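Next, two complexes with chain A in common: one pairs it with chain B, the other with chain C.
Here is the complex of A and B:
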């Protein structure tokens, strides 16, 4: 696809792209991965501490403790996002802050705060899921397809 | 021990994400979508529950768990009501993440002022 796009460009633009490719700063992959590993691991570690608390004090099991843990983490994210701390973590950790559920929470909460000035109904309500929307849409759709296949296989296929 | 595995497995999920960003130059939104779909597929194959037993929050905190829970909810309802349950049950288990995001999003919008 990239080649096709290139062919349509005028020669000067093609030369520029070559030049730009040479000058582009290489992303330090290993360093980024190490950062992402430690920050992401640390967030999951905190999640595990919260989970353990729910398991011991509120009688959740290992399987069901995920739900209150996620809610608690998003609650903490609200403050980190509001005070602008999460931005800094994100800049440092890259995917380490995006992949955990806190990244999902951050994208919703930051959109809500940012569009506050456009009004509560259309601003906050309308833009909240601007970034997180695709995750929900395709999550739900793929879950539907998978559950449908599985149900047909188990109920009619006799698996 | 579960604390250690939560750290390692959660970290590894993030490394995969970082590779998606850096090597395949994917936009975070697209990478997250791929993660959620992967979680749903893993649960469809019955692999996600053992991972939660093994790594605890290392498996429940990354966004893949969202896909896992969606399939879980759908399957739970499907056991009771058959094919209709697949549609009605999808959000059964996932409620926590989405409702928490909405509730705290609105509260956050009341509490904090946008910067810049």
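Here is the complex of A and C:
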């Protein structure tokens, strides 16, 4: 796709592309992957510690401890985002900090902080779910589709 | 290149660590199943749960078993080896079937949840010391089963 586009460019632009290709700073892909792996893993480790704490000290089972764990993680992210710490973590780890549920919390809260000056309704309320909205919509929709498939398979397929 | 070397080194370290840890495992992890028979006889008899433990002990991969019964219900919780956790759901189903077959007069409940294991361990201790009356035991068992069936 990208190569096709490049072929249609005027010769000067093509030469420029060739020129900049050699001078471009290469992305340290492997290093980024390692960083994301360890930071993402560390976030999951914290989640596991919180989950185990709920199981040992409160009346939660392994199955029911998931919800309060997610809530606690998002709550912690809220503070980290507010104090500007999560930005640094995000800069350092990239996908490692956006893929866990903390990234979802960060996207909601940072948008709310950013648009605070535009007012509570059109600013905070309107922009808060700019990125989190699609996540919720497609999450719910795909859950619906999967549930539909499962229902069909179990009711008619006899699985 | 540097990053590749780092990855290689990390990979080798991971493999080496997991190997040495495997060899140093204590004996209880590799074969023996941890369980204790309940000997107290004043509350309702725990012979059924003791029999269930004996039956489960023969199964491979189970590391600890806890079980308590009333005259109608039998609650079992067990833990399995870490690398067998991939088959956790199917093992639980299997054990449930086995228990229902072995003790048709009892309503068997099987769990592998950490919380249930902890609670049942405590309950076993209480029963063993003879601290619980029949009514109290029934109440505790009811609470446990409710906790087991809680989804959210």
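We adopt the following convention: the second predicted complex is superposed on the first by the 157 of 159 C-alpha atoms of A that agree within 3 Å, B and C clash if a C-alpha of one lies under 4 Å from a C-alpha of the other, contacts with A are read in each partner's own complex, and residues count from 1 in each chain.
In this text, a residue touches a chain if its C-beta (ideal position, glycine included) is under 8 Å from a C-beta of that chain, and two chains touch if they have at least 3 such contacts.
All values reported here derive from a predicted model rather than from experimental measurement.
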item	value
Fit-or-clash call for chain B and chain C when the two complexes are aligned on chain A	fit
Touched partner set for A:71, first chain B, second chain C, both or neither	first
First, second, both or neither for A:61, with chain B first and chain C second	second
A:132 touches, of chain B and chain C: first, second, both or neither?	first
Touching partner for A:31 - first (chain B), second (chain C), both, neither	second
Partner chain in contact with A:153 - chain B first, chain C second, else both or neither	neither
Which of chain B and chain C A:13 touches, first, second, both or neither	neither
Contacts of A:122 with chain B and chain C, given as first, second, both or neither	neither
Which superposed partner A:85 touches (first chain B, second chain C, both, neither)	neither
Chain B versus chain C - smallest C-alpha distance in the overlay, whole Å	6
Shared chain A surface residues [contacts with chain B and with chain C]	52, 62-63, 65, 67
Chain B residues within the chain A interface of the complex	2-3, 6-23, 28-33, 35-37, 39-41, 43-44, 49, 52-53, 56-58, 60-63, 65-67, 69-71, 73-75, 78, 82-83, 85-87, 89-91, 93, 95-102, 104-109, 111-115
Contacting residues of chain A [partner chain C, same complex]	28, 30-31, 34, 52, 55-56, 59-65, 67
Footprint of chain B on chain A - complex, ascending	27, 29, 32-33, 35-45, 47-52, 62-63, 65-71, 73-75, 77-78, 81-84, 93-96, 98-105, 108-109, 111-117, 120, 124, 128, 131-132, 134-136, 138-140, 142-144, 146-152, 155
For the chain C and chain A complex, residues of the former touching the latter	3-4, 6-7, 10, 113-116, 118, 147-148, 150-152
